[in-house]
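You will see chain A twice below: alongside chain B first, and alongside chain C after that.
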Partner chain A sequence: MKRRRYIAWIFLAPSLILYLYFFVYPTIEAVRISFYRWSGFTANMEFIGFENFSKLISDDSFLAALKNTLLLLIIGGICIFLLAFIFSLFLGSGIKGKKVYRTIIFFPFIIAPVVHAIYWGLLVYNPRTGMLNQFFKLLHIETLAKFTFTDIRHIFGSVLFVVSWSSVGFYLILLMAGIERIPPYLYEAARIEGATELQMFFNITLPLVKEVLVIAMIFWGINAIKMFDLLYAFGGILPPRSLWTNAIYLYIVGFGKRDPIFQLGYASAIGVVTLLLVVIIAFIIRKLIRREIYEY
Partner chain B sequence: MRVNKFSFKKLIMHAILVIWCTSIGMLLYFVITSSFKTNKTVFKQLWSLPEKLNLASFANAWSNLDFGRYTFNSVFVVIISVALVIIISAPASYALTRMKMRFANPITFFYLAGMGIPVQLLFIPLFKIMAPLNLINSLSGLIVIYVTLSIPFTVFLLTGFFLSIPSELEDASYIDGCNEFQTFFKIMVPMATPGIVTAAIFNFIGLWNEYMLALIFITGKENKTLSLGLYSLYSSLQYTSDWVSIFAGSVLVIIPTMIIFIVLSEKLISGITLGAIK
Partner chain C sequence: MKKILLWLLVLTMCISMVASFSLVGCKKEAAPAEEEAVEAAEEEVAPTEEAAVAEPKTIVYWSLWNEQEPFATAVNKWIEDYKKIKPEITIEVAFVGREVLTKVMAARSGGQVVDLADTENYILKGSLIKEGISLVMDEALDAPDYKGDNPWRDSFLPGTLEQYAADDGKVSIIPYNLITNGFIYDKKLWRDNGWTVPETWDELIALCETIKTTSDIEPITQDAGVDFYNDMWNYQIMEKLKGPGALLAAVEDKTGETWGDPAFKEAIEMERVLWDKGYIVEGAAGFTWPAGQLLLASGEAAMELCGSWLPNELKTQVSEDFEWGTFPFPEIAGGVGKITDMESYLIGWAAFNDTKVGPEIVDFLKFCTTPENQQMLVDESWNMSTILGTNIPPAIQGLGEALLDSDTLFIPHDGIPEKYPDYHKNVYLKNHNLAFLGEITPDEYIKLMKEETIKFWENQ
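And then the complex of A and B:
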């Protein structure tokens, strides 16, 4: 039977229609709205050019949110990939119980972010009800026993730990999959030549896992930049400014927390900047790790 | 000497891994045991097991705090969304990888680019588009959003799977006189089942756990999903201090994803590997 090429479009049509109307069109529309002053869904839109963007540059709250977004992306990323590499070395060393460890480390990934926020917020970090301060008291580490992990100065660091702790499993699985594809004879040859574990890691594992690493890092970049659920719930009733990222600030400016604000044009401008950030990050990761694919 | 050093290294590794895994086990232990305690005892006897299984928190959360309703909403919205996103993404992924259609590569890229769009950018325009369609504060509206926003990642996973299926069976099917639809449903769908299962689990977990989109598009109490209901309860905590109901709600939220994890974790883990790394 002759294959009819137009049939492919029938297969494609339902998803394409939804995608165009509820995803692509709103994306374009968001960029358009960012050039307008628009203060409420029923209000009139007024074209103001780049005014929203120039306002962003001098908006302290936005700059704080942007800083947090970058901190989450970079510090969180370093923690996650460092931990993921350490665990992948551990689990790749022929240790017993490899699958059990891997499965447990992955487990927090399937727990709802709001439950993470509740557990860590109420039962771990909270100075009155949490166990962390009590734990440090037990160990007689006075400075940490009195440390308020939920203080507005420390809360971002505290949540950064939760983010890394709960996400590392996913990236560990990606990295391990990449590492397991490396043919074992390369390591055997290196061992015969007298290479140390560290040399093997930097000269065999790292270069050959590059392709997977790029995918994993781009995944992290996208997830970090649009992360909302955990951070927002972590802040409780009204997340303090020290917890705001672009994603949270956009929501607060656009919809407000307790009282609606509805600076819709301004909020859209935040979204456009965030989108640019994604593009830049993806570009940097690609450039940073040049795509030399090793054939083996 | 060498042997000793070797096992010492192993011991350190085990110790670190066990500590890490214990910290994960603690989340489950504390959330679950706390849900069976009472508001008076929950923080005073944090470490101990509850004296008796106090189910009052669950009863209270389920009926007084409407978590029963929220559970129903979540089950309804998430199951239909997952089914729909698979039903529309699987044929699309097949067409893009297997049907030698024109512009297949640019269209695939066009779909995948959606993964990079920060969802928050879409809040305002989507609200504007959904309002005249009466899809604000409606479960069907939430389904439309969930399905659409899940398309890019689902297509990403499924195109990976379809690419990995050898073409001999497909060719044979065409030679035997099957048309495109028969080939897709009778040959390709069964072959791609592991991929479809992975995509379904991933979407289920993601949508079951998310509350951000529900927070934007669900404005009435009666249409809240479980995660959103839990978030609302937690963020109003300072007025109620009904701690145990929060933990009971947390248990309700994690039960379905935990069951899936216990039954399908191997499938899920190997699925990430197969789908994301081609």
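And then the complex of A and C:
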């Protein structure tokens, strides 16, 4: 037994070394830097203790970014998983061309986020010539034809739609992998007993797919909290403040973006808080969705 | 036996991985050692040839331009020509884009050598100069220029070297690109419609009304999704109302009381007139850059307030009969600023003070700043140069002439970004954008600016 454990460690060693070097070490460094005032240009780092963290509490821009992060996580998550389950019901209903539909739904996920940002920002949501406004104009729905989807009040919702639309395919595949493992005889038995589709979904599908759901939700939680590329690219030369999340604010504070802010210590403090957020979210998800082992 | 072989294989993988990481880290350090060894060998072999062959040196230069931009074309040409004159000097240029200093910071943190960088001067001032890591150029500037005729300092337009000097007056930045700010329009479109260039704010408003009521063309286009584009209106109006320094004074007043000056509220009210009367194109609040400026190129909008870089950006988007026209921001009745007060926005080079190739950098920059080389930059980029003896690009003739004839120059955003970048981003631009787009009233804007200025200084 001891020998097996020895062999296991040897095999784990390469991945472990990579993980420690590229993930654990930078994380420890980031935590250390968060206690300093540092521009990043010189080796001079001024120790300031918890000053960066106390500044976060009164920083309106950080609090607004945190709010956006949580909105993206919660509302984005609800939209994505609701859509994913609806699509899974649709695909699992025995329709023809299931693989084609699945490919179509998955397709937006493989497109680069920057392409999404350009396509939706410039072509779809453009208030004058965008496809969406033109479509509503064609239908003579004047309110929506003149609606500005990407102004300061609405841009977050518009981008949330893009995020949901581009992500749902991935989570659908994950959920379908879990759903397809469920033995069909359970559904047959339920139909014989007179259960409706909705009853089968809540009493058979959902409980048996919990394990996959927990993993999918943790994936989404991590992706939502660290999401950067699509939001950053959406504004063109500058991400609009309405789209700032923790990740974007961290970048702006740490590396400027037309303003030579260069506060790496403060940016690291934002990173540490974001990391804690991920840990808390993962913990909550695991606690809320208690996994039970079903044998069938 | 099989198990032993397997263990050996895994151990070899681990060792080779660890070794490869450490070798990558040593690569840059090993290279100079190798070079030194080669040089030492050469010295031993042919000591008599030492005087005739200059020592090879490398300048690592990271630039804010992207490879496909005309500025990069000019830089590459300079490097190519310089190589013919000084074959022993190798210039390793990397066109890394607008966030050059972010990348330079990361590279230098990792031990990579970067000797020279160029970007907007206010960013250089707010970073390299502020940190005290820039190479001071005063001695080089007092020495002869590339041709040896006059002091290098005398090559530059008056004031451009001193504009971003350090607080002690020392000059580290060598500016080469001069940008200003004003209105850009199509002369032919205006001529066909009988519109004339306004010289006062009231004339501008009257012109917008005429355009709106007598044509299908939108008076003003605006990429309103970009906060610092929106701010061009505010700091231009404030310069005309109160002169340079008024905004900065309000930022630096820790009591916040200076924001109570009626001029700040008046500026917002003037900006709101443009929206409320429909002079700014409908839907501009939702434009993602460059949607706004494309309307100018397509002839759907009459003018745009922007930097003088705009013609260069749009030159491939306009029709063949488009005639570039530019005019300065108009005077405001009752204000202290004149129409001749112009913005001076500079892009230039700064070297790091730990560079081992300081003299070589100076020589290269002197070469790049000859009038001939700068004229090439002007011709390629349609932007002005800081070097005397270069022409104004025809596309920005109006603004260029106004800039060169100006009595008073002011710096972009009244100098707030380089002194107080955090305030600029998270207080000033944030609140101005809300006011500009009508999300808050002018009174709410003033209240917010007062409160958040006090809070900003309390947190310092």
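Just so it is clear, the second predicted complex is superposed on the first by the 273 of 296 C-alpha atoms of A that agree within 3 Å, B and C clash if a C-alpha of one lies under 4 Å from a C-alpha of the other, contacts with A are read in each partner's own complex, and residues count from 1 in each chain.
The rule is short, and it goes like this: a contact is a pair of C-beta atoms (placed from the backbone, for glycine too) under 8 Å apart; a residue touches a chain by one contact, two chains touch by 3 or more.
As the structure is a prediction and not an experimental result, all values here were calculated from the model.
On the shared subunit chain A, the superposed partners chain B and chain C overlap sterically.
Within the superposed three-chain arrangement, the count of touched residues of chain A is higher for B, of the candidates chain B and chain C. Of the two partner chains placed by superposition, A:198 touches none, neither chain B nor chain C. Of the two partner chains placed by the overlay, only chain B lies in contact with A:101; chain C stays clear of it. Of the two partner chains placed around the shared chain by superposition, neither chain B nor chain C is touched by A:288.
Judged by the touch definition given at the top, the superposed model places A:152 against chain C, while chain B stays out of reach.
Of the two partner chains placed around the shared chain by superposition, chain C is the only one that A:240 touches, whereas chain B remains out of contact.
Legend: residue contacts after superposition of the two complexes on their common chain; A:39 is shown touching chain C, with no touch to chain B.
Looking at the shared chain after the overlay, A:122 reaches both chain B and chain C.
In the superposition on chain A, A:57 makes contact with neither chain B nor chain C.
The residues of chain A shared by its contacts with chain B and with chain C are 7, 11, 14, 18, 21, 41, 121-122, 128, 236-237, 255. On the side of chain B, the complex with chain A involves touching residues 10, 13-14, 16-17, 20-21, 23-25, 27, 30-31, 34, 43, 46-47, 87-89, 91-92, 94-96, 99-102, 104, 107, 111, 114-129, 131, 144-145, 147-149, 151-152, 155, 174-175, 177-181, 184, 205, 208-212, 216, 227, 230-231, 234-238, 243, 246-247, 250, 253-254, 257-258, 260-261, 265-266, 269, 272-273, 276-277. Against chain B, in their complex, chain A makes its touches with residues 1, 3-5, 7-9, 11-12, 14-16, 18-19, 21-27, 29-30, 33, 41, 87, 90, 93, 95, 101-108, 110-119, 121-123, 128-129, 131, 165, 170, 173-174, 177-178, 181, 212, 215, 219, 222, 225-226, 228-229, 232-233, 236-237, 246-247, 250-251, 254-255, 264, 267-268, 270-272, 274-275, 278-279, 282.
Contacts from chain A toward chain C in the complex involve residues 7, 10-11, 13-14, 17-18, 21, 39-42, 55, 58-61, 121-122, 125-128, 146, 148-155, 234-238, 240-241, 252-253, 255-263. Taken together, the chain C residues at the contact with chain A in this complex read 3, 7, 10-11, 13-14, 17-18, 21, 98-99, 101-102, 105-106, 108-109, 122-123, 125-128, 130-133, 223, 225-228, 281-291, 295, 417-418, 421-422, 424-426, 430, 433-434, 437, 439, 452, 455, 459.
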